[in-house]
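Two complexes are shown next, each including chain A; its partner changes from chain B in the first to chain C in the second.
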Partner chain A sequence: MNELIAKVKSMFADDVVKLVVGFEKGNRGARPFFCKSAEEADKLILDEHCPNNVAVYLTKKELLGDGKVAFVVNTAALRSALELSVENQWKEGRFVFLTLNPGGEAVQLENAEAIAAYLQEHPLAVNDEDRQLLDSIRSMTPAERWKYWTYEMSKCIKCYACRAACPLCYCTKCIVEENRPQWIQPWSAPLSNIEWQINRAMHQAGRCTGCGACKEACPVGIPIHLLTLSMMEDAMDVFGQKPGEVNANGNMLSTFRVEDKEDFIR
Partner chain B sequence: MTEEMKEFEPRIVAFVCNWCTYAGADLTGTSRIKYATNVEIVRFPCTGRIDFMLLLKAFAGGADGVIVSGCHPNDCHYTSGNFHARRRWMVFRKLLDFMGIDIRRIRFAWVSAAEGAKWADVVTETVGTIRELGAYKEYKKVADYLEQEVPNE
Partner chain C sequence: MEIRKKIQVDKQGLEQWLDRMIADGLRVFAPVRSGAKVDVRQIVNASEVADDYIQTIQSVKRFAFPKSEELFSYRKGADGVELKEQDVDALPETIAWKVRPCDAAGFTPLGGIFNWDYKDKPFNARRAKLTLISFSCTQSDDACFCTSVGGGPGNTAGSDIQVTELSGQHYLVEAITEKGEAMVGKYLQDAATADDVDKEQYLAKIPVHFNVKELFAKLGTAFDSPIWKQQSERCLGCGACAFVCPTCACFDIQEDAKGSSGKRIRCWDSCGFSLFTLHTSGHNPRPTQSTRWRQRILHKFLYMPDRLAVTGCTGCGRCSRACPVDMNILEHLQSITDHD
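Now for the complex of A and B:
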């Protein structure tokens, strides 16, 4: 980490960047931190207690200004950054990414190719807790699953923290704000909560990088990150894209192959 | 109560594309082929236009089953609309299944403009399946929660 802070300081000294986005110690765990000078750089931290995905700021031009910006991030945010690059949301030269590899060494990544190469060596690993929950939901009967999800979704208060926390939810006008026609009722109700999450998952199909920021952000603790995770796992065999993997040739639903195989359209 | 006593008649909504299945369904009529009358057809320019939300809206509105049909692969009027649609349904079905929504109630088909007889078969078959499954009360209950449950609480 000291090596990383030294890098940040030298970047400020050489005037390479005006702003560094990372984490600092907060009251509970870590919180996002916008570091604007070398003196503040000592506050930067990066460890497993940084669950938020600061890649969400990559698309917030109003916060970042015009200059070059450095991001001190974990692997999950690098995945989001790469996906955003594939979606043409940032150009090379705009950002520089700093991260710590599992050995604790500082790694500097300047462009999407470098990130892609780094991520090749560090694929997404689903943690045991998620794996267990996923397996238990899958082993239920459809009726039990419906009961489980309607109960979980009934807790939703429609705060849209899941949307705000997600780096890939960057549309300037979201479907839930659409009122001609009104696809999803704006108030919190069992059906509209489910519809909202189905929409969120479908709009993330093939794009979600599995960082889990949506679940971290959810104030009522609904395991919503499992929707996209399960969807990606189910589609893995057909589309050859593993969960968390970024497809440089375009997203799953915006591309197609003539030889796509399915067994339910007769 | 009286609603329950009556024999169950499935309500089916069919989302079809203008160029193949709609013309196919037209052919069914002009060929004087008889088929179940439970289906309400909604015409779209292309299967690629059929948003997944429309299926959910159909269920919320009281449909017991849904048919989605369009041109066969390689036959799309817009070249690739049905390929995109196919991918969408592949993913969507898995998601619905994971959430416990009854995917047996959604019938996907390719029906060309020349397949009037096939359209009749698709509809009759779907009505048969839904008749066995019964009304989709589970979804309706959740959809009508605010009108029905809240006043009783």
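Now for the complex of A and C:
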């Protein structure tokens, strides 16, 4: 970490960046930190358990200013940053990413290619707890699964913390806020809560990088990340769509061809 | 507040009281554990009530101000429009058991807002049918700051009855309101009086972290302070803080329309959302998260004391615990009072 902090300090000293986004110690573990000077850099901390995905700030232009910004991040945020690059949300030269490899050495990544190469060596592994939960939900009958999710979604208060914490939910106007026509009822009710989460999962299919920030953010404790995680795996299995990779066939959600074999879409 | 009646019961007596209310067909809600979280749910048995926790995720404000409710329904027919208001007389009596004093206190600012000029019918009807049985706090955590905003671990404001754990197996029951006295009379008629018991020694010790009057004075000139931008940088703009808050009362009006009939719905809204103040013209007077964060703090600690003579915060600390990015309200309020 000292090596990484030294790098940050030299970036401030050489005027490479005016802002570094990372983590600092908060009231209950790590929290996002906007570091603006070499003096503040000593407060930076980083490990794989930092609860938030600070890649969420990559698309918040009003916070980042015009200059180059450094992000001190863990692998989860690098995955999101790569997918955001694939989605044309940032260009080389805008950001520099600093991380610690498993050996604790500072790694500097300047562009999407470098991030992709780094992530090749550090692939996503779904943790045991999530794997078990996913397996148990997939082995349910449709009726059991409906009951499970109906109960979980009944707790939803539509605070949209899941959306706010997600680096890939960067739409300036979310579908739930569209009212002409109103696609999803925006108030909290059993059915409209389910509608909302189904929509979010569908919009994340092939894009979600499995960081779990949505689950961490949910104040009422709904395991919503299982929906997007499951969609991530389905998109890989069925369409070969992997987050962070440009698919030769185009993005499964936004590519349309007149010769599509499915009738319903023509 | 004057205490109407003080009695003492043991743990068994307390649970019997709860079970008898359920057996009488009353709708009882209480803190229930689910995994690592404790939240308020309807219970059918006293054994479901959670122990050993500081605070439930959500407040009990929803029993008077639900997350969404139908205000009226309408149907357009050949003879004109038929309107049907929400039947507030049909609302059930609700008992909220083991409410924290900071939650019960939240009904003072909530009531102030819903009766400021217009007397809100659904809110007042629901509040009248709600009985609050609070349990004073014997424990607290770092997010708690009730004593800094005029409350306390044994504050009885808003409660109909307050229960205090004296020692493992004994409880002091104080009837605060007429409704509470009637309930104690009905369910605990054989209990021994406990007029001499002083509950103070059993309560959690919660330090005063700031002076709320000093904060009020500082906020009066803080509109253009750079502190809002500094504090709000990491804020993600979700509504978790507002929705778990026992005093946040902002709502949205939505139409659930289907052809020539429909319902008008009132649902929770949050000043943290970017759409909250968006005008039809496209102009947004609060275009950034820092302006929205400023509104949150000024509304609770400047505008409400000014207009309703009550602080819009009870120091429950829920927003701090629920915030995904640790926007700790106590930390921020202290930095405002410390700021020149």
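Everything below uses one rule, namely that the second predicted complex is superposed on the first by the 241 of 266 C-alpha atoms of A that agree within 3 Å, B and C clash if a C-alpha of one lies under 4 Å from a C-alpha of the other, contacts with A are read in each partner's own complex, and residues count from 1 in each chain.
Heads up, the rule we're going with is that contacts are C-beta pairs under 8 Å (C-beta built on N, C-alpha and C of every residue); 3 or more make two chains touch, one makes a residue touch a chain.
Since this is a predicted model, take the numbers as computed values, not measurements.
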Let me test your reading of the model: by the given contact rule, A:13 touches which partner, first (chain B), second (chain C), both or neither? neither
Chosen between chain B and chain C, the partner touching more chain A residues is B
Looking at A:189 after the superposition, I want to know if it touches chain B, chain C, both of them or none. Which is it: first, second, both, neither? both
Request  = Please work out whether A:231 is in contact with chain B alone, chain C alone, both, or neither, and reply first, second, both or neither.
outcome  = first
Note to self: Looking at A:146 after the superposition, I want to know if it touches chain B, chain C, both of them or none. Which is it: first, second, both, neither?
What the structure shows: first
* Asked: Touch check for A:260: first (chain B), second (chain C), both, or neither?
  -> first
Shared chain A footprint, chain B vs chain C, residue numbers 189
Listed in rising order, the residues of chain C that touch chain A in the complex are 34-37, 39, 57-58, 67-68, 142-143, 233-234, 236-240, 242-244, 252, 254, 256, 265, 267-268, 270, 273, 275, 288, 320, 322, 324-326, 328, 331
Within the complex, chain C is touched by chain A residues 26-29, 31-34, 51-52, 56, 62-63, 155, 157-161, 163-165, 177, 185-189, 213, 216-217, 219-221
Residue positions on chain A within touch of chain B in the complex are 137-138, 140, 142-150, 183, 189-191, 194-195, 198-199, 201-202, 205-206, 226-227, 230-231, 234-235, 238-239, 252-258, 260, 262, 264-266
Counting only contacts in the complex, chain B reaches chain A at residues 52-53, 56-57, 60, 73-74, 80, 83-84, 86-102, 108-110, 138, 142-143, 145-146
